[in-house]
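First comes the structure, then the notes that go with it.
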Amino acid sequence: MSEKNKLSIICMSGDFDKAIAVFTLASGAAAVNYEVNLFFTFWGLDILKNKRGRRFIGKGILARFFNFLLGGRSNLPLSRLNFAGLSPLLMTGLMKSRNVATLTELYDAAVALGVNFYACEMAMHVLGLERADFVPEVKDVLGVATFLELSKGGQTLFI
Amino acid sequence: MSEKNKLSIICMSGDFDKAIAVFTLASGAAAVNYEVNLFFTFWGLDILKNKRGRRFIGKGILARFFNFLLGGRSNLPLSRLNFAGLSPLLMTGLMKSRNVATLTELYDAAVALGVNFYACEMAMHVLGLERADFVPEVKDVLGVATFLELSKGGQTLFI
Amino acid sequence: MSEKNKLSIICMSGDFDKAIAVFTLASGAAAVNYEVNLFFTFWGLDILKNKRGRRFIGKGILARFFNFLLGGRSNLPLSRLNFAGLSPLLMTGLMKSRNVATLTELYDAAVALGVNFYACEMAMHVLGLERADFVPEVKDVLGVATFLELSKGGQTLFI
């Protein structure tokens, strides 16, 4: 009768290495049958954009400017030693050479294992983003209160 | 008879966007009747200073130097794309144009909703700061053990 | 019959100030009789290397390059205002002048108080690091699933 174990992560960072951490934790937990809830907000929303490259999207000039600079999932920087985007490429090469799952593979694994993806309503509003700007895997658009309700009784991380 | 839901956040970051996240979570949780405990430490203490601009405060030359560089609540940088402080201004403009609460409004909402503010004893000591350097909303000055006791049984985040 | 209180921290950051936070929380919790589990991954592994200076270690040229740049426990940068490594030295000076425990002292306290140190299997693999590259205090090399199991029922933070 015990409830299912639960892991919830507020994914605010758009850094490459932190995204790797999010998806490693998410797929690792889902693989041992945890309910996993990922709540993407601010820079983290970048990971969910359906266009992976740099694009001027969003409503309003300032929002378009921020969204372009962020750049989408293919342009996530390392939080340290980024070297203008070279290091994430090197790191991906390193992961491939080790037969470790890359970000794209970890993402696909998370989807296959039933990890729940949520997008933060307020951050979408600030950045002028709409549901249509995101990958179809996004289950819902939520506010803070709903996310807290969903994550109650489990382990919750902020990354 | 169930206990009140509880959200506790260790606020170490002095970044503008992370402060937005802290106060959005705090006011969102308090609005649905959570007990909310914010424990400010290191750079996070900057948010609580009663003087919002750059000031040489604190005991000792090194402490004064760090406190000046930090700059107070009006000078919080973005964790990414900061552009020497321009981006937080743009982001605030963007939030205002969207009718989303700004940092000051979120802060005021948190106070109005009864969010508890605590300052970290050790970090204050290192930075040479005293109770009088902070806003009056600070409920108490705590150490780690007391904070852990306060936050037990709820969700705890490190931001 | 109540279970022991538990604090678990995923230590991904290799920043000096965040390492201070990890060890302050860990030793503070252990001092009031918590079970404390620290799970070091990615940049955080730097803190556990037995050679504290910059060294070309790890298997493969790319791994050696990253490990050299990271630099070991003596070269952890501040997450803000780092000034090419000067600030961590100043901060340590400041902590000493205040009679606050430095990183090395906090580390030693954590060991003395029985804090558990774990290293992340996957990150070690990516960075080409082996058990022999770490301090002997590392209790075990774990994957995500085992860490989640260990940390269940307590408070878990990501730093």
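Chains: A, B and C, in written order; residue numbering restarts at 1 for each.
Definition applied: contacts are C-beta pairs under 8 Å (C-beta built on N, C-alpha and C of every residue); 3 or more make two chains touch, one makes a residue touch a chain.
On a predicted model such as this, the values are computed, not experimentally measured, just so you know.
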item	value
Chain C against chain A, contact positions shared by both copies (same if over half, else different)	different
Rotation in the CA alignment of chain B with chain C, degrees, nearest 5	120
Centre distance in Å when chain A and chain C are each reduced to the mean of their C-alpha atoms	25
Two or more partner chains touched - positions in chain A	156-158
Chain C to chain B touching residues, read off their complex	5, 7, 17-18, 20-21, 24-25, 28-29, 31-32, 34, 79-81, 90-91, 93-95, 97-98, 100, 155-159
Residue ranges of chain B touching chain C (in the complex, touch as defined)	10, 12, 14, 41-43, 60, 62-63, 65-66, 69-70, 77, 122, 125-126, 128, 143-145, 148-149, 151-152, 156-158
